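Each remark here refers to the structure printed beneath this line.
Per-chain residue numbering starts at 1, and chain names A, B, C, D, E and F are given in the order in which the chains are listed.
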Amino acid sequence: MGDVISLAGQNLISPMILCFALGMAAALARSDLSFPEAVAKGMSLYLLFAIGFKGGVGVAAHGVDTGLVLALGAGVVLSAGLPFVAFGLLRVLTRLSVTDRAAVAAHYGSISIVTFVAASALLQGQGIAFEGYMVAVAAAMEAPAILAALWIISRAGGRPDDSPGLWREILLNGSIVLLVGAFAIGWITGEDGLADISAFIEAPFRGVLCLFLLDMGLVAGRGLRQARGALSAGVLGFGVVMPPVGAAIGLGAGLVIGLSPGGVALMMVLAASASYIAVPAAMRVALPEANPAVSLTLALGVTFPFNLTLGIPLYLAVAGAVAG
Amino acid sequence: MGDVISLAGQNLISPMILCFALGMAAALARSDLSFPEAVAKGMSLYLLFAIGFKGGVGVAAHGVDTGLVLALGAGVVLSAGLPFVAFGLLRVLTRLSVTDRAAVAAHYGSISIVTFVAASALLQGQGIAFEGYMVAVAAAMEAPAILAALWIISRAGGRPDDSPGLWREILLNGSIVLLVGAFAIGWITGEDGLADISAFIEAPFRGVLCLFLLDMGLVAGRGLRQARGALSAGVLGFGVVMPPVGAAIGLGAGLVIGLSPGGVALMMVLAASASYIAVPAAMRVALPEANPAVSLTLALGVTFPFNLTLGIPLYLAVAGAVAG
Amino acid sequence: MGDVISLAGQNLISPMILCFALGMAAALARSDLSFPEAVAKGMSLYLLFAIGFKGGVGVAAHGVDTGLVLALGAGVVLSAGLPFVAFGLLRVLTRLSVTDRAAVAAHYGSISIVTFVAASALLQGQGIAFEGYMVAVAAAMEAPAILAALWIISRAGGRPDDSPGLWREILLNGSIVLLVGAFAIGWITGEDGLADISAFIEAPFRGVLCLFLLDMGLVAGRGLRQARGALSAGVLGFGVVMPPVGAAIGLGAGLVIGLSPGGVALMMVLAASASYIAVPAAMRVALPEANPAVSLTLALGVTFPFNLTLGIPLYLAVAGAVAG
Amino acid sequence: MKMHDAKRVEILVEAMMETRLTDALGRAGVTGYTVLPVSGGSGRSGPWSREGQVGRAAGMVAVVCLVRPDRLDPLLEAVFPVLDRHIGVVSVTDTQILRAERF
Amino acid sequence: MKMHDAKRVEILVEAMMETRLTDALGRAGVTGYTVLPVSGGSGRSGPWSREGQVGRAAGMVAVVCLVRPDRLDPLLEAVFPVLDRHIGVVSVTDTQILRAERF
Amino acid sequence: MKMHDAKRVEILVEAMMETRLTDALGRAGVTGYTVLPVSGGSGRSGPWSREGQVGRAAGMVAVVCLVRPDRLDPLLEAVFPVLDRHIGVVSVTDTQILRAERF
C-alpha cells in the first residue's frame, strides 16, 4: 500500500503530470496560452508513429507467439463488452438520455492512446518490461466499442447512421492507420530500423509527450470551463468510477491470457481509458443527436486526468501484486 | 577592448546570427521564404518551455537565497522605471506623438525573451555561469513597463483602456504562463526531471533557436521593408541608443544586488532589450491609437538585431570587466 | 548484378521507403490520415536547412577546388539541356499538347531535393563519401530548366508570362534561398558551427525524413487517385523511362568533370529526378494553360516513387561500377 | 464589365460531414466549390475553438458555392439530407459574377 | 425550399479584440457566430501578413453572424463600442437562410 | 445605426497570383483588402486540398475587398488582366458598411 502511494506520489511530481496540470490550470484561469492546431496534430502524429514503431520493433525482437493473437482477441472482446458495462452504470448513476448514454459508452469501450503512451513511459522509467504487441491491441480496441454502442442504440429504437462509408472511416481513420502502419514498419525493419531513427523517435519522446500533455491540459481545462453545468454530479462520478471498473475487467482478461505483469498493467490501462479522438468523431457522424460536450468533457476532462494521476500508478501496483 | 571585438566577431559568425541575417536578407530581397505561423508559434512554445524549465532546474540545483527576491525586485523596478527614461529620450530624439512615445516606452521597459535566450546560449557556449532564476526575473519584467506607460499616458491626458480584463490578459498572457510554469516544473522536478527530458529540451535547443532566429529575421526584414518611411532618423537612432542606456542602468542594478558576472550580463541584456510579443499585443488593446508599425519595427527591426550582433558581446564584456 | 538487387532489396525495406509506401497505401485506401500543411512545410524547411548546412560544412572541411565550379557548370548545362530531351521523348510517347509537354519538360530538367536527400542518406548509410558542394549543384539546377521550357514554348508560338517579377520569384524562391543560405552558413561556420547544432540537424534527420516521406506518400497517393484518367499509358511510361535516361546523361556529365563515385551517383540522381515544388509553382504563373494535374502527378506520383525505390539503388550501383 | 446574376451559397457544416457534403454536391452536378477553414464559433451548443485540438469532432468548415440561379434548387435539395440531423447553417445571397461561362 | 430573410454580418476585427467582441455579442443575445482565420491584408496602416508571426498584435479575424433582420440593430449597437477605437470593418448583407428556427 | 451602400468583392484566386493581384489592386487605388486562407475546393480541373502540401502550386486564397460602389469598375478593370489566363472566380455582392469614411 505504501508502495502504491509512493509510486503515485512520484508520478504526481513527474514533468509529464505537472505539464498536464499546468495546462489545465492555465485554461481554468483563462490564460490565452494555446498551441496551434497544426502543432498539436504534429505532436500527435509523432507520438503515434513513435509508439507504433517501437511496439513493432519489440515484436521483431522477441518473436511473435500465440500471445499476440490471444491479446488481440481479448482486446476486441473487452472493447465490445465494456460499452454494455458503461451503459448500465450510466443508467444507475445519471439521468442522461439513451442516446447520450450510448455515446458515452462507446468512448469508454474504446481507448485513449495517450493514456497508453503515458503508462508505457512510466513502465519504461521503472524498468518494467511489457509485450511490444500491446500497441497493436490498443489499435484493435478502437473500433469494436463503436459497433457495440450502435447495436445498443438500435435495439433501443434509435436510428444511428451506420452507412458503409462510416465503417471505412472508422477502420481507416488516421490514427489507427498510422499506429498500425508504424507498428508494421517497426516489425519489418526491427532493430536496424530502430537504430536508423532512434535519435528521432526515442530520445526526444518524453519531452514531446510533456508538451503534448500540456496541450491536452489546456484543451481539457477549456472544455471543463465551457461545459460547467452540462455535467451533473452523477456524470462526473461515472468518470472516476468507470476507469477502475474497466481496469478490474482488464485485469481479469490480462491474467486469463497470461500476459507479463507489464502487459497486464497496460491491458488494465486500455480498459480503463476512454477515447477522445476517434470515437468522438465517429459519434458526430453516427449519433449526431448525442451531445458531444458530455462525452468529450467526461473522457478528456475527468477520466483522462484521473487515469494519468491516480489510475495508472494504481493499475501498475495491482498488476505487480497480482501478476508479478 | 581587443577581447570585445574578438568576442563580437566570433558572435557575428555564429550560426545563430548568420541565420538571423539570412532571414533579414531574404525578406529585404522579397524572397517568398517564410515559416507558417503555426511553426513559428511551435518553435516559440518550445523555446519558452525549455528556457523556463532549465532555469527552474538551475534554482533547484543551487538552492534559493535572498538573491532571487532581490533580483525579482530589481527587475520590477527596472521594468517600471525604464519607460520613463525611454519616454524622455524619445522626446529629445523624435517628433513622435505622446501616445506613440508612451507605447514605444512600454516596449523598452519590458523585455525580449529571445534576446535573453540568445545571450544565455552565448554565456553557456563560453562556460560562464549565471543564476537560474534570471529567467524568472525576465518573466517579472514583462508587465510593469505596461503599467508605467499607461500611467504616463494618463498623466498626459490620454485615455488608455485599462479595464480589469486587460490586466488578466497581461498577467496571464501565454508566454508568461508558459515561462513561469516551466520554471516551476523545472524547480519541482530538478535534475531528475531534466534527465527525463534533456534529450528534448537541451540537445536540439541551439538548432531550434537558429531556425527561430531565421524566422525572426524574415519577419523583421519584412517589417522594415513595409515600414520604410514610417521611421525617421531620430526614431532609428533611439533604437540603437536606448539599448546601451538600458544596459548601463541594468549593470548598476545587477551590481547593487550582487549578481554573478553572468547574472549581471543577463540583467543588462534584459534592460537593453525591447518586447516584441507581449507588449505590442497589450498596446493594441490599451492604446489603440498608437501606430503599431513604429514600435514593433523599432523593437524587432532595429533594437533586436543591434542587441543580437553588437549589444550582447558588449554587455558580456562590460559585465566581465566590472563584475568579474 | 546480384549486388544491385540486394541493394535495391535492402533499400525497399528501409523505414524511409516503407513510410512512403504507407502514406501512398493510406491515401489510395481513402484513409483520412493527413499532415497539416504547416507541419509538412515545417519538415521541409528543416530538411532544406539541414542538408544545405551539412553540404556547406563538407565544403569547409575539404576545401574548394575547381571541382565546385565544374560541377555547378555541369548542373546548369544538364538542367537547361534535359528539357529538350524530355520534350522530344514526350512527343514520341504521348499525345500531350505542346504546352503540357513544355511544362512537363521543365519539371524533369529541374530537380527534386527530397530525392537528393534520400539518396545522400542512403550513401551515408553505406559509408560512401561525396562532395559537399553537390547540394549547391542541386540548387543551381532548379531554375535553368524553367528558362529552357519557356524558350521551347516561345519558339512553338506560345505566349509564356515571363515578366521580370517571374524571374525574381524563381531565383529567390524560398527553397533555393534556404538551401543556398544554409549552405553558406555551414561553409562559413564549418565544423564548429556543426558541433553547435548537430544534435538538431544530424541526429533526428533520418527520422524527420521518414515522416516527411510518409506525408509525400499521402500527397502522391491522393494525386494519383484524383488524377486517374488524366494520365495515359504513354504519360505513365514517360515517368519511368525519363529517369534512367536522365541518369545516363548525368552519369556522363559526372564522369567528364571527374566527380567521386558518390558524387557521380548524386549527379545521376539529380538528373533523374523531377521537381514537384519550385517548378510547378513557376509553371502556374508562366504557363497557366498547362494542366498542373499532369506534370505534378507524373513527377510526384510516378517518377518520385520510381527513383526512391528502384532508381537510386540502380544509379548507385552503376556509379560504383563505372566510377568506382 | 459584364456581370451575371448568381447565388452565393455559404454552408457552415461540422468538419466530419465535409466529405459527405461535397460528395452530395458532386452528385447534384455542382462541381465548383471552395472550402475555407473555420477557427471557432458559438451556437446553441456553446462556444468552441480549434486551438490545440487533435480530434476532428469539434470543428466546422465553410463551403462556398457560386451557382447560376437555376442551379440553386437542386443544390439545396442535395445538401439538405446531409445536414438534416447535423450541425449546419446555410445562407444564400444574391450576387454577380464575372466570367459566367465557367459556372 | 423554404428560405427566410436574414442578415449576414461580417466583422473584420483585430485578433486581440476577438474575445471582447464575442463577449459583447453574447451580452447582446447573439450566441450564433463563426470565426474564420485571416492570413493577411492591407489598409490605411499598410499591408500585413501572419506568416512567421508569433505575437498576436498584427492580425485579424473574420466573425460572421447570421441574424434575423430584427436582431440587427441590437447587434450593431453591441458591436460598435468594441470597435470604436479599434481596427475593424463591418459589413451587413441581405441574405436568406434555411432552418430559421435555429436563429 | 447609419449604414452606407458598398460592394463586397470576393476574389478566389490561385495562391501563386496573390501578390500580382494585390499589387494590381494597389495600382488601382484599392488599398483595403483582407486575405482569407482556403483549405480546398473543386472545379473543372477536379478537387484539391492543401493538406500535407509543401509547394504553392495547388492552392487558392480568398481576397475580400469592400469598396464604395463608384470604385467598383476601376477595381474590376485592374483585376481582370491578372485573372485573365488564371484560375479565379470573382463575385460582387451589394452590402452595407459602417464607418464609410474609412473607404
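Quick notes on this one:
The criterion applied here is as follows: contacts are C-beta pairs under 8 Å (C-beta built on N, C-alpha and C of every residue); 3 or more make two chains touch, one makes a residue touch a chain.
Heads up on the chains, UniProt names are A, B, C = Sodium-dependent bicarbonate transport family permease; D, E, F = Nitrogen regulatory protein P-II.
Quantities reported herein were computed from a predicted structural model and do not represent experimental measurements.
Taken together, subunit C and subunit E share the touching chains B, F.
Ranking all chains by how far their C-alpha centres lie from the centre of subunit D, first place goes to B.
Each chain gets a centre from the mean of its Cα atoms; the one farthest from the centre of subunit F is A.
Rotating subunit D by 120 degrees superposes its CA atoms on those of subunit F, with the angle stated to the nearest 5. Here the spacing of subunit A and subunit D, counted between their Cα centres, is 34 Å. Centre-to-centre separation of subunit C and subunit D, using mean CA positions: 38 Å. The residues of subunit E that reach two or more other chains are 36-37, 47, 56, 93-94, listed in rising order.
Of all residues in subunit A, those touching 2 or more other chains are 32, 34-39, 41-42, 203-204, listed in ascending order. According to the touch criterion at the top of this document, the contacting chain pairs are A-B, A-C, A-D, B-C, B-E, C-F, D-E, D-F, E-F.
Taken in their complex, subunit B has these residues touching subunit A: 36-39, 41-42, 45-46, 49, 53, 168-169, 172-175, 177-178, 181-182, 184-185, 188-189, 193, 196-197, 199-201, 203-204. Against subunit D, the residues of subunit F that register as touching in their complex are 10, 12, 36-44, 47, 60, 62, 73, 76-77, 80, 83, 89-94.
Only residues 14, 16-17, 20, 45-58, 85-87 of subunit E touch subunit B when the two sit together in their complex. Partner subunit D is touched in their complex by these residues of subunit A: 34-37, 40-41, 44, 161, 165, 215, 218-219, 222, 226-227, 276-278, 280-281, 283-285, 288-289, 291-293, 296.
Listed in rising order, the residues of subunit A touching subunit B in the complex are 13-15, 18-19, 22, 25-26, 29-39, 42, 125, 203-208, 210-211, 214.
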